[in-house]
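What follows are several structures.
You will see two complexes here that share chain A, one where it goes with chain B and one where it goes with chain C.
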Partner chain A sequence: MFDRYLLKEDSLENVEVTGFKFQVRIAEYRGCFLSLHNGYYINIDGVEYPRELQKFEINGKPPRDFDEIKKACYEHWDFDDFGTVYVDCPGGLSKGKHRVGIMQSVFTQYGWMPHDEEWIHNPPAPGTVAGGKQHDIYYFDMEVK
Partner chain B sequence: MGIKTAVSLYSLQYQFLQGKMTLDDIFKFVKDINADGIEILPDQMLRGTPTPTEATYAEWDALTSKYNLDLVCDDIFLNTNLYKSRELTRRECIELIKQEIIMAHRLGFKIIRLVSMTPAWILEPCLETAEKYGVALCIEVHGGLGFGVDKTDEFLNEMLRLDSPYIGIVPDTSLFCRKVPRIVGNYCNKLFGTNPDLIKYAEEVFENGTDFFALEKKHGKMDPKLASLIKDPAKDMFYAANLSGYENCALSCMDPFVKYIKHVHFKLYEMTDEGIEYSIDFKEVLDYLHKHGYNGHVATEYEGNRWILPDEEIPDKEQVASHQKLIQKLIKEIEG
Partner chain C sequence: MGIKRGVSFYSYQQAQFFGEMDYHDMCRELRETLGCDGVEIINETTVPKYPFPTREFLADWHNTMARYDLTPVALDGFLDTLRFRDHVMTRKEAGELLKLDLQLAADMGFKHVRTMTGLPSEVIEWALDTAVKLDVKIAWEIHTPIPIKPDPTIQGLYCESPGTAVYDTVEFIKKTGTKHVGFVPDMGIFTKAPYLDVVEAAVRHMKDRKFAANVEAMMKEVPLAELGEAIEKKYPGRLSPQEKRSFAWKTVAQPEDIELILPYICSIHGKVHDMIEVAPGVYDDPSTMNAEVIEVLKKNNWNGYICTEFEGQRSRQDQGREHLADEVDQVRRHHQMLKRLIGE
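== the complex of A and B ==
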């Protein structure tokens, strides 16, 4: 839907020693409760960084992994706020341009779906199903300065 | 009395998201194009919903006093999948809806639009709260999720059973597409390379007076000819799967429920250079509403924004202004 606005321009940067981070919006037309947020498919220059390597920072709280995020049932991510995704990647990314493929997994939907019984126990890996209004992986050209 | 116009602020979400327009700018825009009122998704434009801070409420109060627009409809959602161990219980769902009723009242709205697929069993337990706060609970009847869909039909039956002035419907004109939206086919063809024969077939189906929701019902699965034209799922499936959201119903489908119409979504996909909407004949919709004595609001809900190519600007303000010009003119003609 607004996939092209998903990542904040110029927000890709290394986090000293531990990895890299970038800023994201919600791939939806509204805000969401955090427990509906299931992580990201991230592919940078052909290398995938699974959910287990990701943390998410929002609402002025320290970055949390997605096992913590899924318990934040009544904490709201407002529509017009950027969140920050941190990715474990010792040494970070090389300086210069990178091709960033991203798909956000957000379970905002209309009512209880047949797959929900399975998903509350075994949420799908980000990138394997549509999430929010994002239907496919979207690619950005970004630069680490 | 008479039919009044409104703008769903959803129509301008891109301006808001990009920080190009504040809520104040949006209210001013709506006032400047002579619409009577607004509809809002609090979860989109009011921070901290469904429990905004007093500071947020104070900003809202200042805006509503400044522009004096009718506060028409509050669009809410029910996320029954919040927990990662189980579905929300009925009691939890009911409490969430009650919380939304109280917020709608505080904001000044008398109508809540419940998103399609909201379970009918929330109605009776929430009715006392709805009456207390003077807020009607209305299901959105949207193309692909409307008449003939089990959960919507259950809601409509419960509405008829309870027969309360605090329960109603919000029909969406995606039910009345006389042409399949052209903007969707153009987008999919240019972005994904969708098969032109598939798009042409979709146009023919609507020209023949039917739609893909109806064909899917008839066949019990995707229309076989549509399925046969999906040559490459990566290019064609998104367009094909999206088609059932546009229906080509007769307006008479609303006849049994007409007294329950509290508000109407005037869906907008594409205003043409001629000043008409490409898919929907708003004159026939307004004629129908007028004939049935409707005197509520009709709200522009611009959804063409999601079908603009990534390298193009979204012409949301221009589209909304053009649509309002059309419907305000039609209302004048029809009501005299």
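== the complex of A and C ==
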């Protein structure tokens, strides 16, 4: 849900020369414990940027990679808050328009599921299964100014 | 006394997402427009820094309840079993999470915590002392496909024994004599047709636009309840499995079934997807047996809260802002219907 509104308009920009960042909301009707947040499928103009290249900034703390986020099981990502996704990409993105494909991976669910053990030991890569209430990769046209 | 009206702030999730309404605005809407007092919230949507809000938030919450003369009815909790990420949450850990919700509910003045559908008795037992101490009830939601009458053939997500989960909990209540365990039935178990917004979304997403136009034409002729079957008959095999699911519907409980659990009902989710005008100035949701269920409640002098749970926003969110659901208007229409059916 909220797929079309997941990214904040005009928030795609380069981060000095180390990469780029954009702001996101949670594609859910509620916030969640931060540890459930498993990263993003990110595809920019056909190039994928896997979870290992991503960091997430939330709750006034410095950006953390998703191995750190995984440990934040008492910290909450509130429904109202934008988080910032940082992506390593030396040189950043070229100025101008980009096609941005995003799928958020959040392990919110309604109680115990048959996949639980499997997802603890082998968490699915973002973009491979439905995460939270987002079921498909959503594409945005964004511009780096 | 009679049936009382309330709203789950779930209904206004989209307005909150876009920063158009916060809980103060929602509370004002309840008092000043809807003229009702029952409040239900989603814990992780309304409460900043859940599960440990600031004292400032709690003071503001109570002040807002007082300002608009509102009654906290239910706090909705969740069960994210992967939260610890190094192991699957155990039943006792789920009980600990429930204790946090019970404490939060007590701090915010709520009478019960609505928990996940089919919550195992082991989880309830682990948290029950806390519920008693705080005098906040544990009420799990009876959500489709879970029936009220035992039916072991029912399978589906949500819990281990969906077909007998209600019966099992009633047995637990009788065995222990507890006054702190019950249910929140969701009106979605009393369906009589598919949800219109879900059907419309399925048609909107059909790649074969000619077929979609044919289905749209049929929608004008065929009753909503019969639409799926009629399409299948006229165009065999044309609906994809996903599309078929959008047209499918199943009544999992009859209105009179609710009499079996009346003493244990803490509140009811007035699930609604599409409040359409069924006669000039008269609104109803074509998917749900609202009139029939409320009639049974009235006959039995049930006097709890029905809290509107508008859920028709999600299916439209693939579109631009101008096409999104008007949650405020949908809830107003739902309350117009509730007043009419309750006889208020």
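One rule holds in what follows: the second predicted complex is superposed on the first by the 145 of 145 C-alpha atoms of A that agree within 3 Å, B and C clash if a C-alpha of one lies under 4 Å from a C-alpha of the other, contacts with A are read in each partner's own complex, and residues count from 1 in each chain.
The criterion applied here is as follows: contacts are C-beta pairs under 8 Å (C-beta built on N, C-alpha and C of every residue); 3 or more make two chains touch, one makes a residue touch a chain.
These numbers were taken from a predicted model, which means no experiment stands behind them.
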Which of chain B and chain C A:70 touches, first, second, both or neither: both
First (chain B), second (chain C), both or neither touched by A:25: both
Partner chain(s) touched by A:91 [first = chain B, second = chain C, both, neither]: neither
First (chain B), second (chain C), both or neither touched by A:4: both
Shared chain A surface residues [contacts with chain B and with chain C]: 1-5, 25, 29-33, 35-36, 70-71, 73, 76, 78-80, 107-113, 116-117, 119-120, 123, 133
Residues on chain B engaged by chain A in the complex (per definition of touch): 10, 13-14, 16-19, 41, 43-45, 47-49, 77-87, 115-119, 145, 151, 238, 306, 310
Complex contacts: residues of chain A adjacent to chain C: 1-5, 25, 29-33, 35-36, 70-71, 73, 76, 78-80, 107-113, 116-117, 119-120, 123, 133
Contacting residues of chain C [partner chain A, same complex]: 10, 13, 16-19, 42-45, 48-51, 78-89, 116-119, 157-160, 314, 317-320
Footprint of chain B on chain A - complex, ascending: 1-5, 25, 29-33, 35-36, 70-71, 73-74, 76, 78-80, 107-113, 116-117, 119-121, 123, 133, 135
